[in-house]
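In the two complexes below, subunit A is the common chain; its partner is subunit B in one and subunit C in the other.
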Partner chain A sequence: MCGVRAGGGSNDVQWCFSQVKGAIDDDVAEADIISTVEFNHSGELLATGDKGGRVVIFQQEIENKSQPQCRSEYNVYSTFQSHEPEFDYLKSLEIEEKINKIRWLPQKNAAQFLLSTNDKTIKLWKISERDKRPEGYNLKEEDGRYIDPNTVTALRVPVFRPMDLMVEASPRRVFANAHTYHINSISINSDHETYLSADDLRINLWHQEITDRSFNIVDIKPANMEELTEVITAAEFHPHQCNTFVYSSSKGTIRLCDMRESALCDKYSKLFEEPEDPSNRSFFSEIISSISDVKFSHNGRYMMTRDYLSVKIWDLNMENRPVETYQVHEYLRSKLCSLYENDCIFDKFECCWNGNDSVVMTGSYNNFFRMFDRGQRRDMTLEASRESSKPRQVLKPRKVCAGGKRKKDEISVDSLDFNKKILHTAWHPQDNIIAVATTNNLYIFQDKVN
Partner chain B sequence: MDVSAEAKRIMAVSISKLYASRTQRGGMRLHRCLLLSVVMRSARDLYHSACLAKEREELGTAQPVPVTATEEKGEAMDTTTSGDQVDMSRVETEPEPSLTPTLTEEIQTSSDPESTQGPPKPAKISGKNTVEDKENRSPVSPDRHSRKRRGKASVAPDFLPSKRARLSLELGEERAIRTGQRNCCRSGDSLITMSLNSNRAIAAF
Partner chain C sequence: MINTMECAVDAQSLISISLRKIHNSRTQRGGIKLHKNLLVSYVLRNARQVYMNEKYAEIYRMQQYEEVMTVCNEIQELNPLDLAEDCEEQSGDCCGNVGVSEPASLCCALLPVSHLAAVQSAHIQAPSACSAPLSLQSDEVCKETEPSFYRSCCAEAYPVSNCDFSPVNNNLHCNKTTVLDLDTHVVTTVENGYLHQDCCASLQQCCQSAQSPAKKRKVDFEYYISDIEEVSDFTPCKRAKFEDCSYANSEHLDTSNISNLISIFGSGFSGLVSRQSDFEQALNGQFCSKQALASLGAWTRAIVAF
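For the complex of A and B:
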């Protein structure tokens, strides 16, 4: 396969700008705000969802397949409106069309399938190509008009002729009315038949073919809602064990559940929790410990969690503390009050693994994103900006000055733009190609090709 | 006083965010409301302790243990980074007298059908209310199966000030406090009781 393998660590890799998608205007339309980014299993397709309920799929086109190292480009493959705004008349609430998550199904045939979800409804979409069409009907003209049967004097068999490639997206299943609270996660099981969807208080198990029922497998809603102390923030199936899934909470805990134990997995099999450092206690300790994302490693041995200030790697065999902790932007700890007032403290950052689980990546503010090389214990801060968008321009590592004298090329904490945040990032499953979403632009960076 | 002023400010910010989330598109987010209410309760507890300590000082009946705890908490609750060891376990959650069993039961009933109510209505509860608070009862009551339209009597009575007026009243008092530095606890009580609405915000989901 063409492209650079994700074998080396982050300091071996020189990241170069490849492409940027989206409008150049500074005036961002709310509907264009990107809300999710996801590569498919081969990395050939890259899907984005936005606040306007649209899904845009990019397809990788490789420059020169014969060369071992070559550049690839992602071009628009399909665009469709996945969700529309709805109104719940019983509760007098509007249901946003924003796409919260997209997950690709493993490919089984020529067509591609993905699940997309908003706050309440999950949809299964089929994306298929049509590059030929039947021609030569007896009773229809080429433009579709019907011929008077009395004028037909001869019969012929219609044949397929090539046509311009057309990519069609059609909704195959709609999984609705199963969630009272807002859906935050969907995850496809390794059994290729079922998937889970999670909202604030419940997790449901679905079969991909069955839309009129789902099984509730986790329910943390207390009998008295005033006793509510934590909510579910993310959930994911284990990549290989179809009976295992994890869900994270707003209190910074992760529960691993085994569906073989009981129908309702309220009792966890493992509870991952790190004791809080009392010296860091503040008004906002609970908020910043809330986990915004949880992702299993590709090999299934580890999982990664993202809270407001850090990324933690957990060994599934050790529950009492993470094996690795990486500070994303520790300089923000003294700014929590301001971040609370401007709502930034509620931002939900995602995180992702590279193909061989050696590097992890997550976003930050000022359009910065961070990479942590686990093996070499190195970290890097890069920026997705229009200024660094010349073709194949190598990205320069950035540095934030937390205090004291600011060096040249460093940025002081007070200069950071908190409106420019990178919440969603994705890493190609095999190659060193990353997709980084700023507010309304999608940046694609690649490893430098010599 | 810095600490209690900061706590009061955070409470006011939290309350205004909770109110603002009612009109948010997509409905109130449970996670966000929970976090807001947690912060608000911490701020309220700290503020209350600070006020109690101040009252005791003024009355000249200072008790060493609470004062020390307050000072420690003061450092702990300093929102700038502090390396001091803090014993947060001393911050006791104020028992909430207004949550009578009757009210609690009604909330349980109302939250049961997973809210056919609209956006939650943070009820006004006074600190010493031990009587069933009928005007602030959720519209979905135990006889919810009855489709009979409710009469005007069950709607919030006119003599209660509107909630918006209440909020601006609290914030107005807060400003007055900062300049006047008087009646700290009395107006603080209003903010504290207002902060009890955090329970309503969650219970109404």
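For the complex of A and C:
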């Protein structure tokens, strides 16, 4: 690998612009809006899904393998249409083709496999390479036209010859008709055989090979829908314990379940909840406490949750409060009314860990994204913008002025662009390479190579 | 309590914004988003709570003003000489102005809640197990409060439909509220959702029966409000006489009925437990502000228990 190792804290790392993918013009086509970003387990492949139902996969190509210090670039590897818009005639509902989540399967052979899901259907895709093709058919011309057998005078054996690399994506499994409500999460189990899918009220367990049935393991739908008070917002399997998974709720709670306890995991093993601060109570308290993302740390000891204003790190052994809380954009607390009116308060931000669980990252508005170094107790705000996208340009830390006198280079809260939001970010599993999705562009930043 | 200071948008605007969002979500691509609508319903509930609290306070303030004006008008109709004599006689017995006004402000704050309690109890509990005159009083008062309560809550807070926000229903989150039944003096816990359904179901009845008791209600309230608030020298006993005259129905109200009314609505809310002592206090015109303050907490805890 290149000399870009996940080092210490963010003060050691200087982030540089590496690449930007996507259209340059400001007029954003809705179909191009990026809806999910995910590195595979080796970090060699980076997949994005968009609102138009397409998946684009980038592959890392090392520029110069001989040199120890090198830069790596991600180039388009494969593009395919994963989901199409559908219409449920029975309910008169249109099913969006937007890709909600992509999850890579651990690699078992030469081919790559990923799961992609929209609101209702999960698909298993096989991405394979073809770099040879057979040539020398007896009954077919090179261009594919058939030869009249009567004109054949001699026989030859077709041989494989090298060809330009072709990457093919083919749907291998379609897991459909298992969710009444909108799917928000998929998570692959460490047993490499099963995976879960979660919608607003239920979580189903699937076998990767079996598409015609799934097991329901969590069901929080009340007998009377009028008594509904919370929904499931995210779910994930533990990275090592194949019997353990967590799911977060709109009420700000996380439940850890053990599948060995019972077939239906409605009763949780652990409930993680922090009591609400009564002095912060507002009209919007319920909205901002709703958890939008939950992610286990790589070592499996912690989990991170993201609500509207903060990121919280939980120790799996302590249920009554998080061990760390980081404010992402506390200056928005006084703006909740406006954010409610323009619907921004419903934005679902994701979060991610770096390779060694020392730094966490999440997005914000104005194309800002935030990093929190857990060990050094430092935080940093960076911006993904075309202006700072000269090759290898070091990103300058940004600062938002919450009130009072605005210093030079600071941005006031009122001049933040709430249409420019970073909801999806991903961190390379080993190196300091991050992928940050703005509305329709994908930015790749790397640690500065000295 | 919800901190409304941060929000420039008032509760009513939030209610209409929320309803608009719910309405728009029905036509959004991809179907109704359960999560978003649930969150919007929480905002709706919070805004409704604040709005109703503000409405109660406003109604109470308006009532006070109207009743004070009515008293003034009626005073002018009476023989001024009689009143002057009473004043001179009773001035010594009356509490100082300071003592009287304090409980009044507390009562102002409390009354909206006690309205709620009165209405809720009238709704939930069948009027029973009380002395006839008392129940008559209470029922009248309770029923009379209903029209204004329901009209304000149902007519204005829910312009779209009568309590039906399907798929978002007010019953989504039933808050438990502790209420005091003013008939039986029993503290019970009811669910707001249930209450609300009843509220709208009987809206018709309330509105229809609104007319005649209105005047009576005014008189009832004016009775104790002016008693508490005014700087005047009138005592409850004298009040009773005065009340007698102004009732259209000319029902005979003896002092025990009136004292019960005081103990219910007066500043000495410990009348819940020991009405008798309050009655005596009230009759003596010694509204003790300390007592009111002491019982305030209990009352608040009893009623405002979300």
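By our rule, the second predicted complex is superposed on the first by the 449 of 450 C-alpha atoms of A that agree within 3 Å, B and C clash if a C-alpha of one lies under 4 Å from a C-alpha of the other, contacts with A are read in each partner's own complex, and residues count from 1 in each chain.
Keep in mind that, in the parts below, contacts are C-beta pairs under 8 Å (C-beta built on N, C-alpha and C of every residue); 3 or more make two chains touch, one makes a residue touch a chain.
Small disclaimer: the values here were computed from a predicted structure and weren't measured.
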Sharing subunit A, do subunit B and subunit C clash or fit in the superposition? clash
Given the touch rule stated above, what does A:Y340 touch, subunit B (first), subunit C (second), both, or neither? both
Using the superposition on chain A described above, determine whether A:E286 touches subunit B (first), subunit C (second), both, or neither. both
Using the touch definition from the top, say if A:S250 reaches subunit B (first), subunit C (second), both or neither. both
Would you check which partner chain A:A223 touches, where first means subunit B only, second means subunit C only, and both and neither mean what they say? first
Should A:E84 be classified as contacting the first partner (subunit B), the second (subunit C), both, or neither? neither
Does subunit B (first) or subunit C (second) touch A:E61, or do both, or does neither? neither
In the overlay, answer first, second, both or neither for which of subunit B and subunit C A:D12 touches. neither
Mind sorting out which residues of subunit A both subunit B and subunit C touch, each in its own complex? 91, 93-96, 98, 119, 181-182, 200-201, 225-226, 228-231, 233, 250, 279, 281-284, 286-287, 290, 333-334, 336-337, 340-341, 343, 346
The residues of subunit A that touch subunit B in their complex are 90-96, 98, 119, 180-182, 184, 200-201, 223-226, 228-231, 233, 250, 278-279, 281-284, 286-287, 290, 333-334, 336-337, 340-341, 343, 346
Provide the residue numbers of subunit C that touch subunit A in the complex, in ascending order. 1-4, 6-9, 11, 14, 17, 21, 29-31, 33-36, 38-39, 42-43, 46-47, 50, 167, 169, 171-174, 193
Counting only contacts in the complex, subunit B reaches subunit A at residues 6-7, 10, 13, 17, 25-27, 29-32, 34-35, 38-39, 42-43, 76-88, 99, 104, 107-108, 111, 114-119, 199, 202-205
So in the complex, which bits of subunit A are touching subunit C? 91, 93-96, 98, 119, 181-182, 200-201, 225-231, 233, 250, 279-287, 290, 333-334, 336-337, 340-341, 343, 346
